[in-house]
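I've put the structures underneath this note.
Two complexes are shown next, each including subunit A; its partner changes from subunit B in the first to subunit C in the second.
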Partner chain A sequence: MSRRSLPIDALDRTVAALSDDALAEARHAALAQFKKRGFPTTRNENWKYTDLSKVIELSRRSLQTSTDAERPDIDRIRELQASIDAGWLVIANGKLNRDLSTTLDEDGIEVSPLRLDSKDLRLEDPLADLNLALLKQGLSLRIAANRSTDRPIALLIVDSAGTAPVLSQVRIDIELQANAEIRFIEYHVSAGDDEHYSNAHINVIARPNARADYLRFQDRALHHSQTARLNVQLETDSEISYCGIDLGGRLTRNDLKIDILGQGASAIFDGLYIAAEGQHVDNHTRVDHRVGPAVSAQEYRGILNGHCRAIWNGKAIVHAGADGTDAQQANHNLLLSEHAEIDAKPELEIYADEVKCAHGTTVGQLDEQALFYLRSRGLDRDRAKRVLTRAFATSIVNKSPIPELHDLIGNAVEQRLRELATGVPQ
Partner chain B sequence: MSTDPENIEDLVNRRYEHGFVTDIDTESLPPGLDEDVIRAISMRKNEPEFMLEWRLQAYRQWLEMIEPEWAHVHYPPIDYNAISYFSAPKSDKDRPKSLDEVDPKLLETYDKLGIPLHERARLAGVAVDAVFDSVSVATTFKEKLSEAGVIFCSFSEAVNKHPELVKKYLGSVVPRRDNYFASLNSAVFSDGSFVYVPKGVRCPMELSTYFRINAANTGQFERTLIVADEGSYVSYLEGCTAPMRDENQLHAAVVELVAMKDAEIKYSTVQNWYPGDENGVGGIYNFVTKRGDCRGANSKISWTQVETGSAITWKYPSCILRGDNSTGEFYSVAVVNNYQQADTGTKMIHIGRNTSSTIVSKGISAGNAQNAYRGLVRVMPQANGARNHTQCDSLLIGKSCGAHTFPYMEIKNPSAKVEHEATTSKISADQLFYCRQRGISEEDAVNMIVNGFCKEVFNELPMEFAVEAQALLNVSLEGAVG
Partner chain C sequence: MLEIKNLKARIGDADILNGVSLSVNAGEVHAIMGPNGSGKSTLAQVIAGHADYEVTEGTVSYNGHDLLALEPEERAREGIFLGFQYPVEIPGVNNAYLLKAAVNAKREHQGLEEIDAFEFLKLAREKMAVLGMDPKFLNRGVNEGFSGGEKKRNEILQMAMLEPSLAILDETDSGLDIDALKAVAGGVNALRDPERAIVLVTHYQRLLDYVEPDFVHVLSEGRIARSGDKSLALELEEKGYEWVREAANA
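Up next, the complex of A and B:
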């Protein structure tokens, strides 16, 4: 058995044990594909800097023990639910927990189990194969045409492993019908002492003139890892405003893929990643401008300290005929330790001439002049550094789409930065 | 836009001016590649044993390697056994002592190029080591150079006369098994230039080689090695142009630069190989490995290139910044038209302390051409105080061309400052209108804008090259806006 694959018999057994529902056919097709392809390796350009061998090992142990050791921290969830005014969908280790979830009918949102025809199986990467093959339950959300709700919808993804490592799959398909408006919060929490690996796949389709605000906040435990894919399709005049914040996790890999299918669409997406000792965080974004005029803009910022590594790979593809495209990419990194590494790759592929595309990437330290300014006003060096580092991070937090969460996230970011500063000598 | 379509078509369809074949008998090896071919090449060049052994090892390594596919270019598979690996002008045995003795047909070739060898040499004060196909046939100004102690000769000559230097430096920057094409070159390289500038010497003139591919079906495998010893300076000019033909020709050159402590090497290229016709038929495959090693402290290597030719360009002139305070520079203009494809850029590897690098890349795409910048900036953990600034801009002319950017940044040191900026745009209607309104013709306006776009790079070229580069740009692009 190769280091890159999972034991076939355990895979077969796990898939066979899943219920014989509307997903059964799709699962088997995906399983066959996964057996062929296996996990991606660092020889694959998209995975050049991220080695999955640790999560493969974890998955292998999880399949072999196949315990369903779910240990959600109910008190913490209740507390969180009390602090954020939202409609809740709680997904614990890949399954909808109805007790902790709220009904979303009044928000004009229809929640149903995911159904997939075999014709829907256009899987783009092996992790999507794995996701579907082992998917216990998928969700389908439909936001009715012309509905708009003030109350955000929170997808609370709770990962827990008690006595054995757990591998869980999340799959949610969201459709915003014409003129619908919705605000999402994707919130990750983890519990339990053992290792956990979450492999998530979320699809968003925005029909004409629909609008989605999407905030993803991830502050998992350091023995939890994730690979997550968010695919967004934007039809005419639809918009998405996205912000992804990664503070925790041992290995975090986010794939954000945005397909611009209609004129006048707009995709604004930002990200913040903070990594310290032992963390690996990889953000891959890809925007396909298939028609124009349309706008995409992204800004990712990272702060690294200790033995850690961050990767940012932003790709914008302007297809032939997508005239009037405006695509902007920015990535800025603060490297605070000699053991940290950042690998940045802003890519542009342009096949049309009526376009405005630009990217800028920087890697560096805090501005000495700014430090001097603060020190001349009486702040000591450490304090001045903290102020500037926080300001660097806050510019992303303050741009994030759900304003009522700015305080909560800002505090979490500040807490993380404090740990970062004290944990490792600079 | 107020463009006259006929006029533009006329300009876009302008044929390659240097398309002709000089009718000189060549003594070529039959197509095919095996160890016997390599032995034959080595024997014909009267090489010492170590050189043959080096070639054979490279060949054996090449056999185990796989052709790279990652570049953003497409071409039909190359049949390496359909290529003839050696071709030398007949007059090889009696090398001419002066230009008067050079085969008149050869001189005629240079005349057709508009740059007569003796004229160029006399007027520009440039020593020319003319590479006609695979063997150097004329070397001038050698005496003046030898007075200064500078060795400037063909590679074959260097192998025989200065084996100790060749042994010491050959493959020390681009190892035999560096990559597929470099490995192939190491096995079969025909000839090239060798430069050694001794300690403390500032080379009294700019050194130049004129490359030209001639015999049909002959791959050209140049090997250039330039060593600048402590405290020395040399500026090297490489220019090339090739005759028109329909079959693709493979050109896999290797250039190695070594700069010791306080030394500086400036390497400038104007590349105008045959790009193929307007339907993308023919043209040169230019798969080149160029790398400079800033081995000593305070050394500097600067690459400047103007790439207008070749059907496919695969080329990443790089700098290994090993010495403390060393500097690497890369200035590039890459122009593609019709069905040309270019995947070019640089690598800056920061190893020493306080090393700095600058990358300025200007890509211009027209017609159905694809132009990609691919670059790597790597800062190693020990490279305290490393500094890089990269700027890569693309200009698109026409609806069907492409401009791509693939910059890699791998930063492992917290004191590094690395910046990358890229923009993509077209010549705007506003800019054109502004010029037209002031009585400048559309063609001149485009010319002016494109030249302005490339100015930062042209400023880095030696004088005589800057003139040629602008002329080349005009031929390649003038009026291609649409």
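Up next, the complex of A and C:
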């Protein structure tokens, strides 16, 4: 057995114990694929900087111990639900929790168990295989044509591990039919003292002229790790405005893949990551401009302090014929400690004509002139640093797509920055 | 109030101030003039406490205390205000936030309570009206995307809110059209008070038509080459800076 795989007997036992439902066939096919390939290793170019050994080790222990019962922190969830006006889908340790969910029967929003068969498998990502092989339950969300609502749908992904390490899978497929307009919140929290690994896979398909505002917010505990894939397909004149915010977690890996399939589509996606001692956060984004004209623009910002590492890899591929593409990428990093490490890599591949592409990355410290300016107005050095650090993050928070959450996120960011400054672990 | 004696300062290996002596008393308005590169901004930044400048000799005392021993923020709280020649743009920091933080930092130092939020807004709006600033500027990032004139007015707004004992305005008049110049001059004149001192750094006579100085000094090659009353500014305008330099070296 190689280091990058999981014990076959434990995998087989776990999959066999899952219910014999509409996913059974796909699960077995995914399992076969996963057994062959295992987890990605750092030899894989896309995983060069992110070593999953600890996650694999945790998964192994989780499969070999009996699975811990879910014990979400109900009070905290209720409190969160009270503070955000949304329809809630709560997924606890990989299963829909109906007691805590609220949105299930809204007009024009159809939520059903995910059905897949083996031909829906795509040979692209070993973590997607793992996800499907061990998936207890998947969800399918369909937003009816022309349906538009101001009230967001909030996916609360809550993981808890009390007495044993837990491994959980989340899979949600979202289809926005033509002209549908919808606002999503994907909110990750964790509870319990043991380790947890969450592997999520979310697909969004926007049919012609549909529009999605999508905010992902992750404020996990430090003994939780997650890998998450979001695949977005944009048909003609459809739009997504996305922002992903990562404040917590030991190891976080986000794969965001956007396929521009129709002319006039627009993908605006931003990200903010804050990492301190012992954290590792990796954002891989990829946009495929398959037709033009169409627009993509991303801005990721990171704030790092202590021994930690962040990776940003932004790839844009402008395929042959995608004339009139406008693709912009930016990544800015603030390093508050010499121990923090950042690997920032923009990648542009252009095979079309008349394209407008630009990228810029910066890595730096706080601006000394700005610090002096604030101090000359009476703010002490620490306060001036905090103010500038927060400002660096604020520009992402303030353009994130669900404005009514700006305060909540701003406060969480501020709280995290305070911890960062004082070195107190989360 | 401010007593500078034989001040020498350098940045890196470059000696910039070569023995400046200057005495500023409460109630006075001083103008410091001089050609580009003569060290005017350096003098202003050293007084405000910029760490890039190394003081190699001399003393600066403020109200009888060693000013050079204080951190920049302590100087500000003690009532020193520097209007920057190049105000810094700070995107993401709200202008109102900075104004309020600055006012409260000083009030805390004075043992006063924080300013009431309503009172603060009212005061800020009043001052802005006098300066001809749109109240919308309160909610913008500090100097973010401001035009040259807007930045200078914003400096004056900060000054007006902070009511410093010693205001040093570094070329607050440069690059302003006549309306902006009048607004800035109005802001400065409003601050004139027997308890306060104002130092205007400028290289034009123009501002001095609106704010009449008690003393005029000419800085040249890091030294005060000449001091006089306001007629010195007129003489300079007429004869140019070469005249001072020649006279000083003679």
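Quick notes on this one:
Everything that follows uses one rule, which is that the second predicted complex is superposed on the first by the 418 of 426 C-alpha atoms of A that agree within 3 Å, B and C clash if a C-alpha of one lies under 4 Å from a C-alpha of the other, contacts with A are read in each partner's own complex, and residues count from 1 in each chain.
The criterion applied here is as follows: a residue touches a chain if its C-beta (ideal position, glycine included) is under 8 Å from a C-beta of that chain, and two chains touch if they have at least 3 such contacts.
Just so we're clear, the structure is a prediction, and the values are computed from it rather than from any experiment.
Using the contact criterion defined above for the overlaid structures, shared-chain residue A:D380 touches subunit C, although it does not reach subunit B.
Between subunit B and subunit C, B touches the greater number of residues of subunit A.
Shared-chain residue A:L388: touches subunit C; no touch with subunit B.
Shared-chain residue A:E354: touches subunit B; no touch with subunit C.
Judged by the touch definition given at the top, the superposed model places A:K345 against subunit B, while subunit C stays out of reach. In the superposed model, A:T362 lies in contact with subunit B only, and not with subunit C.
Considering their complex, residues 45, 320, 333, 335-365 of subunit A touch subunit B.
Looking at the complex, you find that subunit B touches subunit A at residues 70, 72, 381, 394, 396-426. For subunit A in complex with subunit C, the residues that touch the partner chain are 367-370, 372-381, 383-384, 387-388, 390-395, 398. Looking at the complex, you find that subunit C touches subunit A at residues 48-52, 71-73, 75-77, 82, 84, 87-88, 90-93, 97-98, 101-102, 105-106, 109, 141, 158, 162.
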